[in-house]
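Got some structures for you, see below.
Consider the two complexes below, in which chain A is the common component and chain B and chain C are the respective partners.
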Partner chain A sequence: MSAVLTAIVALFLIGPVLLSALAGVTANWFLGASAGLTLAWVVKVWDLYAHTIGLSLWLALCCLVCTLLLGVPAAYALARTPSRLARLLEELLTLPVAVPGIATALGLILVWGAVGDFRIHWTFLLIGHVLFTLPFMLRAVLAALRGAELEVLEEAARACGANFRQRFLGVVLPNIRGGILAGALMVTALSIGEFNMTLLLSTPHTMTLPVGLADSYASMRLEVGSAFTLVFLVLLVPPLVAMQALSERLGR
Partner chain B sequence: MARRSESAGPFLLRAALLAPALVLLLAFFLLPLAKLAMLGFEGQGYWAAITAPRSLRALRDTVLLSAAVSFSAVALAAVVGHFLARRRFPGRRLLVAMLTLPMAFPGVVVGFLVILLAGRQGLVGSVTEALFGERLVFAYSFAGLFAGYLYFSLPRCIATIMAAAEALDPALEEAARSLGARRWRVVRDVILPGLAPALVASGAICFATAMGALGTAFTLATDTSVLPMLIYTEFTLATNLGVAASLSVLLGATTWVVLALARGASGSLAANA
Partner chain C sequence: MSLTALLQNCARSFPDGTRALHPTTLEFAAGSVTALLGPSGCGKTTTLRLLAGLAMPDAGGRVLFDGTDVTGLPVEQRGIGMVFQNYALFPNRDVAGNIGYGLEVRGVPKAERTARVAEMLRLTRLEGLGHRRVDQLSGGQRQRVALARALAPAPRLLLLDEPFGALDARLREALRAELAALLATLRITTIFVTHDQAEAMALGDQVVVMQSGRVLQQGSPRAVYQQPANRFVGQFVGTLNHLGGDRFCRPEALRPDPAGTLGGVVLVSFFEGGHTRLHLRPEVPGAEGEWVLNLGGTVPAAGSRMTLALDSAAVLHLPA
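Here is the complex of A and B:
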């Protein structure tokens, strides 16, 4: 019973992905796979949407750097402050995940949309992505900070005369690198795929990959949309697989 | 306490570590949300925007859809997650990887997958045409939305519930079985209570994600208008800022209340277990 249901669920989740990959390299989907395989659609996607792919990768990289610089120190401060205020701040910092992306985007446009050329600059998107992904980095790093017997180690280092900088760089960071890596992979994957907020934030000057995907679904033939989906999956799957491998290794 | 705070450096240092993240949050999240909430009072105001027939219909459909998807996803994921946690078979790791991989697929892509599956040129249509001579097309209806939302909800639920099931002691289930409990009694009295906190928690996340999801509905362009889609059209097509703002606040508040309730329930379930 359970085995059959598991098989059905797996088919439901994987089937459409394979279907899409196949459609992306099929000469004519309407005629079926017998019409022959081609990479022409992938080439066409590259011609039409290469700039959206470039922007998304650039955004993901910048978003990762920002969440690392903002998130790791903040998580450390939160983990080492055992107070109500710290709990409240943690709650506040993870709030952007609970609030629907479109509401956040609307608010951002209302307050910051009219400030100079900010609205059509790629950093406008970056702000949204950092807001949305920072909670995931925070949680991953906090979990690592609370898991290890880090306070004892830190205390030992302090007793040996290490100052804060030495303790943070020499003791804390090496011990939470698994959590940081897990957070980094999550942030990258989420930033590449973000749509709920990005749809409103993006402009014709700043179009990301998922917005480009929506555009291709709406205005291009099925094969082009499929080929674009294929390209997207090729970009997205490596960080996801790395994330799974990592979590399995850490779990053991 | 004193030792703890000392080991982390002085208070000022910790404040300095937190400050950049808090400034970002204040300027680009709390301030915009406050502005959004204020804007809802202008124009017709909240009440008129929320009680307009179109808004009420969208709210009802969105809540119904999200609730139905959450229940189905949690129920399916409970069976699948428990199965995967208890059995060892060749290819299990690959199967787990495939089941959880779609977790980070954006809604637009999920919508497109539903079109490939059940759209006008979809697989379900071709199969049903070959079998019954009539194409079954449901991608652009409520059923299509349901399929899409279920698609992006399942991986997360399976991952959470599988982890919870792995933490349950299998000896409890064996003990119940050896004492003569039937299969469904083991499920009802041993497995479900043990999994309850995880079920509630993943159901709540599922509901919140479904409420705020925009991409799937955007791609499918269904007749059923979900609330995020309505906000999008009010803002871009009707440029009706006040209404869009009011609806955003309504959507955010509904989602937040459900999450808070579920966390309370999950906490008390965990305390009772």
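Here is the complex of A and C:
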């Protein structure tokens, strides 16, 4: 009974995606599969939108580096600060997640929009993505820092004679790697899929994959948009699944 | 190889002003093994952390190692060895990695490090377990790894926080004997925290009894047992039988004697193997509570009356 239910739910969730992917390889969706299958739409998508895929991957990578460099030390500092202010800050971390992406985007445009050509540079998108994903990294790392009796382990490292750099690199980081990996996975997936904010931040010069996808649905034949979905699935789902598996293995 | 540690007028207050430790001066002689003994919250762990450099004394307090003021030195620069409660082994390192950590951070060359780790593995009877993950060790093995890790850099002061706290009773006694033998060979100044008086007496050649942030008595286990400074110390390090007023005695000061002058009625008896522990209701004016005495052989049944003689030299006059 539960297996049937699971299958129905899975079909409900995945069905539309599969249908869309299928539409991407039919010559004419309105005539149905009888009109024949083709890879022409996929080729067309590649020609038109390959740069959005490249930008999305590059953006996700840069966003990951930024959130790691900012998030891990910040989480450590927060976890080690006993003050009420630190607890309040922790509570406020969810705020950028709750604020609609469009509002954040408008704010960023107001602040940076008139600063030279920054508006059409990809780093403008990066700022938005880092703002949006940093809380997720912080939360994941904070959770890891709170577990694992890390404070005692650090004291033990100090008693062994380790200075701050030695114990941070040799004891703290290895023991929170599960949290860091979980955060990294979250940040990467969120950055690649982010649409709300990116739609407003992006320009024809700086178009990410999801924005390109919306663009293709809005301005091309349905089959082109569908082929894009197919490309997205083939390109991004396997690496994300692999990363998940890796993080589970290393996180143990 | 060992040093004299001195806490000079060291107090430790919480932010709200309450004292974890009242101003305390304690000397730990080179090569001695000292037990800091007391109930939880008595300030014994605070004292240990002050010595380690994991906590700083309030203004005016000083920590001296061999006469050198180390008060301002953080723990990593004091060159101590420490065994933590629950051991705090690094889960990301194997047994050898844990033991060698203190050498690694000091920049000891690999060959020398490997040799020293092997020596520590031998000393703590952990041969063959060097590459074991620490979460695959038994409680007793973990304790030995923690000890080996603390000892590997050859510290001149060894601090142990409830070293047997995480072990079951039977293992405790075996490891206690083992640690005693190890400390006797190393002759390293050792200070350990415990709430278990048997442990303190067995391992320490000095016992410091603490309560509510104050040192009540410091002395050899024998002295603390035989001449406790007050009732609390007397009760904490053993059993006291009240004889009325400020007069007390240890269970072994009472013996059955038909010509004796004291009487009591047996309430209950507990067979403990080598001896039987008797609880009596004293029939002496002014004596409060129950008396305890340990007898070999057969013992009177509950409800029967016993006549006891008291070794008058063993009477303790203890203020409240």
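We take it that the second predicted complex is superposed on the first by the 225 of 252 C-alpha atoms of A that agree within 3 Å, B and C clash if a C-alpha of one lies under 4 Å from a C-alpha of the other, contacts with A are read in each partner's own complex, and residues count from 1 in each chain.
As a working rule, a residue touches a chain if its C-beta (ideal position, glycine included) is under 8 Å from a C-beta of that chain, and two chains touch if they have at least 3 such contacts.
None of these values were measured; they are calculated from a predicted model.
Peer 1: Clash or fit: what happens to chain B and chain C when chain A is overlaid?
Peer 2: Aligned through their shared chain, the two binders fit side by side on chain A.
Peer 1: Of the two partner chains, chain B (first) and chain C (second), which one does A:L236 touch, if any: first, second, both, or neither?
Peer 2: Touch partner of A:L236: chain B, not chain C.
Peer 1: Given Cα centres, how many degrees, to the nearest 10, is the angle at chain A formed with chain B and chain C?
Peer 2: So the C-alpha centres give an angle of 90 degrees.
Peer 1: Determine, under the contact definition given at the top, whether A:L134 touches first (chain B), second (chain C), both, or neither.
Peer 2: Once the two structures are laid over each other on A, A:L134 reaches chain B alone.
Peer 1: Return first, second, both or neither, reflecting whether A:W46 touches chain B, chain C, both chains, or no partner chain.
Peer 2: neither
Peer 1: Which of the two partners, first being chain B and second being chain C, lies in contact with A:E149: first, second, both, or neither?
Peer 2: It touches chain C, and chain B stays clear.
Peer 1: Which partner, chain B or chain C, is in contact with more residues of chain A?
Peer 2: Between chain B and chain C, the winner on chain A residue contacts is B.
Peer 1: Using the superposition on chain A described above, determine whether A:W122 touches chain B (first), chain C (second), both, or neither.
Peer 2: A:W122: touches no partner chain.
Peer 1: Give one of first, second, both or neither to describe whether A:C160 is in contact with chain B, with chain C, with both, or with none.
Peer 2: second
Peer 1: Report the closest approach of chain B and chain C over their C-alpha atoms in the superposed model, as a whole number of Å.
Peer 2: Here the least C-alpha separation of chain B and chain C stands at 6 Å.
Peer 1: Going by the contact definition given at the top, which residues of chain A touch chain B in one complex and chain C in the other?
Peer 2: Shared contact residues on chain A (touching chain B in one complex, chain C in the other): 155, 158.
Peer 1: In the complex of these two chains, what residues of chain A are touching chain C?
Peer 2: It comes out as residues 148-149, 152-153, 155-163, 166, 170-171, 174-175.
Peer 1: Which bits of chain B are touching chain A when the two form their complex?
Peer 2: Chain B reaches chain A through residues 1, 3-5, 7-9, 13-15, 17-18, 20-22, 24-25, 28-33, 35-36, 39, 76, 79-80, 82-84, 87, 93, 95, 97-109, 111-117, 121, 123, 151, 154-155, 158, 208, 211-215, 218-219, 221, 228, 231-232, 235-236, 241, 244-245, 248-249, 251-252, 255-256, 259.
Peer 1: So in the complex, which bits of chain A are touching chain B?
Peer 2: Chain A residues touching chain B: 2-3, 5-6, 9-10, 12-17, 19-20, 23, 29-30, 69-71, 73-74, 76-78, 80-82, 89, 92-93, 95-96, 98-104, 106-108, 110-112, 127, 130-131, 134, 138, 151, 154-155, 158, 164, 189-190, 193-196, 199-200, 210, 213-214, 217-218, 222, 225-226, 229, 232, 236-237, 240-241, 244, 248.
Peer 1: Which residues of chain C touch chain A in the complex?
Peer 2: It is residues 52, 54, 74-77, 79-82, 84, 86, 88-92, 101-102, 104-106, 149-150, 153 of chain C that touch chain A.
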